[in-house]
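Just dropping this structure here.
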């Protein structure tokens, strides 16, 4: 049986800086994996290597059995199986919301205008922003924009969804709307790889939580284990800082 | 050069006021051979330069030359703007210019030359229209006035140097310019001499004069006096032969007043 | 709020010195006074009659019309627009070369940009107007002198336009390309569906700005040499001024330049402000 | 007895937009007041009106008995009693950390260089960034910058500290350091007015929590009451959204 | 990563079409081929002897030295720097007027900026070089012609510099003033302790850029009229070119302009990049 996503021996350097130092991750069909870890630990880079927005320095990435790191693969075609949602939304500012969710369907999947609109509207409804279809991204709140971005990725019928801190650019009140949509996707059986700082979401939704630090996977397992009773010192101290912000040991530590 | 007059006496006794003390500042439009142009060493030399050097010498000062577009010379702007004391630029005396300038006695008879490519069947300005040729003239000169009054639409160049470059570049077919200047080109510029020839001359009956700011009678008197002296003692004729290449047919009398 | 609110609880208030409002009033008063003094002094000292006679002479101004419009302004607009159009396409080519993967293209584009942005326009015009035709006697520029003028202005503006195009493309956030690529678009498709349409909006203000600069640069094409009917605004005004010895025609020409450049400048600022507000 | 801060009948409009619609707040010496509320409700504007960074349209502001809204008051002198900490830190980028904390002491309070440095270093130590004194703001993490900003305000010996979402521009891990410093200040008896989204901090540290919405104070009282068992519908729905981001009713609500 | 990795789990891979890497290779090859063809064509078609003779004539170039440095380059630098210094202070005054609370000051500053940014420099030079001295016969410009040149270049650059200063002050984030005010600093104190020092850093690149523009504008001062020893770079090159009928001196002058402008441009970009990186 093929895995939804399989990453083996992944290394990535920017110049002299080795950001990923050999990562192995396997995601099965329908699983939700949450990746947590301190800033700069390489979480985003890992996600970006999975859909080859960054070219890995070494290692292999398989998605539904296709090796994306194979130099002869049609990367544009392979990438369609991966939907990606970014921290900064990255909606196309010059297009209406509906155009945002239909343009790739029509240009890449060659769907008819009507069909693309049907699929797009279905997904906009799913994320709860159907009534904004005719508006432009600049007219939407951050939370609405991010939900459009999710609908846009979903409209390509991906096998796997990648989320890179989808809520950290949002006002606290707007976080909930986006997390609700993601939870719903997970419930429907979507395979998801989520970089997040929302521990409550990870605890409740993830099948596996993966703690990264300094380019390596320090610890992974079910959320109850990794978040509830972490074994590694680094994990413990990270979680302590994030979960109890008002009770940090001594402010004197810079 | 322009400032090699031997007498370096401070000031001058004639009561003439100069824009810059101790120097007689001359406005001209470079290059305008053989009246004024830079020689190979970069000094400004020429017939006009020699003449004004005489004036400067009589004033007990040195000549300094300022290069301005001819347009600013002939309308008096350069003089009125206080850039110089004398305008010396192979300039024709015309009624219109007299309104803005104080002219000296005439010192040179004007003749215009029509220049065309060797071997072309151009014999005069009349062929310009019939053969649909491009006529090139220098901006703001009597050549331009003459050409426009004859109904031509000439191409206009800021100074004579650009005009001759346009000839070299083949941008013009026929050129109208003062004869001495044309002769100087034909003498000193090989590529012009090889391709071009004077096909016609236009005697306008006009004459060249130097000019001072209107109303500056002290300087004008001194200028006229120095010129008359030069006519009489043969230094004018000497310069003429040096720069024009042949002895003058007659020497100006210095009697007919310019202004 | 009224000024006579009773300060019921006023403690040992730091009321010292002058209150900011009073200080401001005094400072304003001083500044207005200075202004008035300067104005009055100017009014008495300046020779207004001379100024009016030399620069705002209605008789002289009247003489300039209508030819200054029919010849000068018309030619300025023709020269500038033809140069701009040429520069636009040349600039596009140079910008694409600058962004190319092929090193020699990049090098050539960079050299072109550096040279033509570094040279005074008048040097380019002289070389093009005289140097090139002398060197290539056999070759004739089509539609001369308009051809030469368009080429001269085009070459100069292309360097600026190329940099503008490149900056426009680079100003579109990288995330836009990444989002497009992650939806399965190829590099080229992403470029033309997502990047270029947004880059165009970004570059409209600087493009307009370069049109203004070109209007001003067109005042230098006179060095190439023209027929009287080819005089543009500056040369027309200058030639009329030198003919009459009065600066009014030059001032009229200057005002006509301002009629072209000031509204365009206003438009640029409007567009820029709108763009700033509308950022995603 | 004079109150530390007293705001009465405060109105503020920007053009046609009435942002504050009559606010009355009293803060006693040593109290910590947390202001919570949805985005755009006027929390920042209220804080900025308190130290007259915004000129109120109507109403009065008293600090330690001095009326700041009195047109004859020396506002620069009065403002010294109020320390303000901004969301975006606003450290002076062209000055070292030490200069940041000493410049106003020297120029405004006319302290000697040595004395200003002494006070500054004491406060930098208090917030735990003393070893960064010679560095420039750009070299510091967000959390460190914010702590320097706190030290800078403290160095003026203010009677009251104003905080405007001091942690919302920070990475989640860095939030703790700043909240710890604030908690410590509160423990030492500093009078504080804090706009924040950190409910845990408000619950633990505030004497009074004040819920604002659409320019009015909807509800105020002890944290246990306002956060624990809010009475008003608007407060309830706001708290529900912020406290349970993954359990928002229906994503379909835009 | 090696290319011969065995694809153990390859499913029904979307391998269709050409792989991106192959497509890229082919496209690159085509571009290089086009480049070669163009180069070869040029090499055969162009009259290199004529080009070299007209533009890169070593004999002619030699004649230009050392005077082109001792006179032309020297004067270009003197004119530009004196104009820049004057423009700097004038620009500061105009910028302060532009930001003033006094309406007439603001209006005058705005008019000044609009006019001098909208007029071609050569128009300003002509008016200043001839119009003004003719209108005011009694007044004598000190240190003429250097005074007139400095004033002309100063007036033109002041408009740009004023806008730069204003933009620099406005580019300092509002939060900086607010932080300063909230520490008890007065408006003026905040301005000079916090805003101006940061504004200066911001404006250094555009200030340098305007020096480049002024070097180029200085090529137009010849219209004012000079002695030979007052010729700047362009006029020197042009006059030598017209004397010999060969464009090489003009090219030499152009290269010397590039020696001034290109390194300065490089410096501007360095400073800008550094500033972008160093943002707080």
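Brief remarks follow.
Read from first to last, the chains carry the letters A, B, C, D and E; within each, the first residue is number 1.
Quick note on the criterion: contacts are C-beta pairs under 8 Å (C-beta built on N, C-alpha and C of every residue); 3 or more make two chains touch, one makes a residue touch a chain.
Since the structure is predicted, the reported quantities are computational estimates derived from the model, not experimental observations.
By number of C-beta pairs in contact, the leading pair of chains is C-E. On superposing C-alpha atoms, the copy chain A sits rotated by 180° relative to chain D, to the nearest 5.
With each centre defined as the average position of its C-alpha atoms, the distance from chain A to chain E rounds to 46 Å. Separating the CA-averaged centres of chain B and chain D is a span of 82 Å.
Centres computed as Cα averages put chain B at a distance of 40 Å from chain C. For chain B, the set of residues touching two or more other chains reads 72, 77, 80, 162, 165, 168. Shared interface positions of chain C, i.e. residues touching 2 or more other chains, are given as 20, 130, 134, 186, 238, 245.
In chain D, the residues that touch at least two other chains are 76-77.
The touching residues of chain D, counted against chain E in their complex, run 51, 53, 76-77, 79-80, 82-84, 86, 88, 90-94, 103-104, 107-109, 137-138, 149, 152-153, 156.
Taken together, the chain C residues at the contact with chain A in this complex read 173, 175-176, 178-186, 189, 193-194, 197-198, 201, 278-280. Residues 38-39, 125, 127-129, 131-132, 144, 147, 167-168, 171-173, 175-177, 179-181, 183-184, 197-198, 200-201, 204-205, 238, 241-242, 244-248, 250-254 of chain D touch chain A in their complex. Against chain C, in their complex, chain E makes its touches with residues 20, 24, 28, 31-32, 35, 47, 50-51, 53-55, 100-102, 104-105, 114-115, 117-123, 126-127, 130-131, 134-136, 186-187, 212, 215-220, 234, 237-238, 241, 245-247, 250-251, 253-254, 257-258, 260-262, 265.
Against chain B, in their complex, chain E makes its touches with residues 67, 129-130, 133-134, 137, 140, 144-145, 222-223, 225-228, 231, 235, 239, 241-243, 245.
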